[in-house]
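Let me begin by presenting the structure, written as structure tokens, before commenting on it.
Just so it is clear, A, B and C label the chains in written order, and each chain counts residues from 1 on its own.
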Amino acid sequence: MSDEPTDAKNEVVEATSQDHAQLAIFVEAALLAAAEPLSIDQLLKVALARPQAAPVTKSDLREALKIITDDCEHRGVELLEVASGFRFQVTQDMARQLVGLFEERPPRYSRAFFETLALIAYRQPITRGEIEDVRGVAVSSNIVRSMLEREWIRVVGHRDVPGKPAMFGTTKAFLDYFNLKTLDDLPSLAELTDMESLRIQLDLPQVEDGSSNPPAIAGGSDDSMSDDSDSDAAS
Amino acid sequence: MTSPAQSEMPFAIVEGEPVTQLPQDLYIPPHALKVFLEAFEGPLDLLLYLIRRQNLDILDIPIADITLQYVQYIEVMQELQLELAGEYLLMAAMLAEIKSRMLLPRPVSEDDDETDPRAELVRRLQEYERYKKAAEDLDELPRQERDTFDVDAHMPEQRTVTRLPDVTLQELLVAFKDVMARAQMFANFHLQREPLSVRQRMGDILTRVNADSFAEFSELFDPQEGRMGVAVTFIAILELLKEQLIEVVQSGGFAPIHVRGVSGDDADAEQTISEIALEDD
Amino acid sequence: MSDEPTDAKNEVVEATSQDHAQLAIFVEAALLAAAEPLSIDQLLKVALARPQAAPVTKSDLREALKIITDDCEHRGVELLEVASGFRFQVTQDMARQLVGLFEERPPRYSRAFFETLALIAYRQPITRGEIEDVRGVAVSSNIVRSMLEREWIRVVGHRDVPGKPAMFGTTKAFLDYFNLKTLDDLPSLAELTDMESLRIQLDLPQVEDGSSNPPAIAGGSDDSMSDDSDSDAAS
């Protein structure tokens, strides 16, 4: 059967558009199931490996790929040819709509992070070695680095001891984040005794999330009466 | 009921040929027999095979015949030096016991099944067969990677906004309190570091475990001693293990860990069981 | 929106079939882009997170999912609802055609593996010792470990007997892998041909949506008043 059906030979069964539509379904499934892009050669190999493989040529495959491309016009995915072959890809437009899919919940800082930050805030200026002395364990470089990156701490000098270790202190950005005017506004340990009053007093920063959609959520909960009964049964 | 004549029943099929006798002069490739015998998932599976192969009624098992066949399998396995799970020998003993009880005159209420010595065996066989079948059904369900495949479209690169964790002042304060409290603890610890020496702890542990009885691993630790105390105990246990003064045993993956002192050998329970089984033959 | 259009309010914009078709395009892209099945709740969250989110309800989403299902009729992929949500997958028919695509053979599992898995699936919560009682042989640690690693089973509690052995139950990932929505979809167990005295009763746990197993177990023993007459005889 091979590559190019010669016009002369009528014996050669020529693939009809019906066949091409069938092939397109197969190619679509193959591209969606494959982890990597597939080249025409790979597609040909896979097509010929089918249990009852109808003979297929590369030009048949190109026809099928064209059908898929046209079919994608009104979909959120498109057929894309990249260096190593063809693959399905979410359109740029749609990708922007899918932000909610990949929005990670912000990670939480470790206990080590909080303790280190607290020591820097309350005992500044302080060296890493001194933090380690109090905590009884080594302080990971990652923790210090992430605080420096957030610009919550800075190097305020060097202790005049062997090795000249850096001394850390908090920044203005740190005060801003916690809505503090000066370090004196940091709560004292004594204040911890009454958690309730603490919470009121502190005006803890709310998570500002501009993108929350109050109207949409309201709309959703409007329907919840009727919806919930459904979803109970469903899930 | 068919009376199963042993001579007609091959106890193994090797390369298509039925084998009705123990291989004595005839050479059978041991690996072939091994593969066949290893296909059984245990004594219940082997028994079920023997019963089903002869179309026997599971509710009315001819115990004498089945026991004979079963024991022959066990012997072949032992001859081939297959690693024979203790459960096989236990089952042989159980069959032998049922067989002997069947020989005793039955109580008057003949039809009362409760008194049938085979009842418990039948119950176990049925239950096992039920889940054996369920396992086959499960295996046949269409499943990912074999019968269907996940599909995926590539997601174009997005400028992802990595959100940074939120921190409250309260969390900071609590962390400060914790770390200061711990520093306090460390200060205390400095005063009493001496009594927590590893060597002394090793001695303490050795007096608590002895060769005759196990001590539970977790009981060796005293939470009251704090983290350092626990650490010292742990180091002491490691040291004792290294010096082979104790052994640590866990009966299974998630079972509790036990510790005991090392001494002579353990009695071989399997030996006794296999003697019972063969004795009865 | 769609479910209960209040006749009075004309201001309420009603989702048209046009809107549902648009939503279907979005949902299709979301499911194709997501690595895991997405539940209705997750889809709703993602739909509402769109930059210019039109209000969307769960019933709108169900309409969209229906459109997608219909659309798949002539394709090599299908929309399937499994335990943790909706996902696209290659149809079984098409999967057989795709043999040439995958070099690796699918993972094979031993009989011991499946017998153990079946006991956990049908008799959960169940301890290792209880599995061994039925199978008549020891359960290898490797089998349990590999099930835990695949996240097909998890420890749902500890039996209140000496040694406090762990009790295992299956997970949503298990159901997902076997294309099941709930435990009720498992093939039914064979009937027992009973001797009079043999009454082996199976306590198939109910699949409680969302709620994890431990409370379900507690519920089980709560119910024991009514159940006990049966289950006593059983085990």
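One rule holds in what follows: a residue touches a chain if its C-beta (ideal position, glycine included) is under 8 Å from a C-beta of that chain, and two chains touch if they have at least 3 such contacts.
Everything numeric here is computed off the predicted structure, so don't read it as measured data.
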Chain closest to the assembly centre - both centres taken as Cα means: C
Selected pair, greater C-beta contact count between B-C and A-B: B-C
Centre-of-Cα separation between chain C and chain A, whole angstrom: 25
Rounded Å distance between chain A and chain B, as computed from the means of their C-alpha atoms: 43
Separation of chain B from chain C, taking each centre as the mean of its C-alpha atoms, in whole Å: 29
Multi-partner residues of chain C (each touching 2 or more other chains): 29, 32-33, 77, 88, 90-91, 98
Of all residues in chain B, the ones touching two or more other chains: 149-153, 155
Chain B-facing residues of chain A, complex: 29, 32-33, 35, 77, 80, 87-92, 95-96, 98-99, 102-104, 106-109, 111, 114-115, 117-119, 121-122, 134-136, 150, 177-178, 180, 186-187, 189, 191-192, 195, 198-199, 202, 204-205, 207
Chain A-facing residues of chain B, complex: 149-156, 158, 160, 162-180, 182-183, 186
Touching residues on chain A, where the partner in the complex is chain C: 25-26, 28-30, 32-34, 45-51, 74-77, 88, 90-91, 94-101, 103, 211, 213, 215-217, 219-220, 223, 226-227, 230-232, 234-235
Interfacial residue positions of chain B with respect to chain C in the complex: 41-45, 58-59, 85, 87, 91, 113-114, 116, 119, 122-124, 126-139, 141-153, 155, 252-256
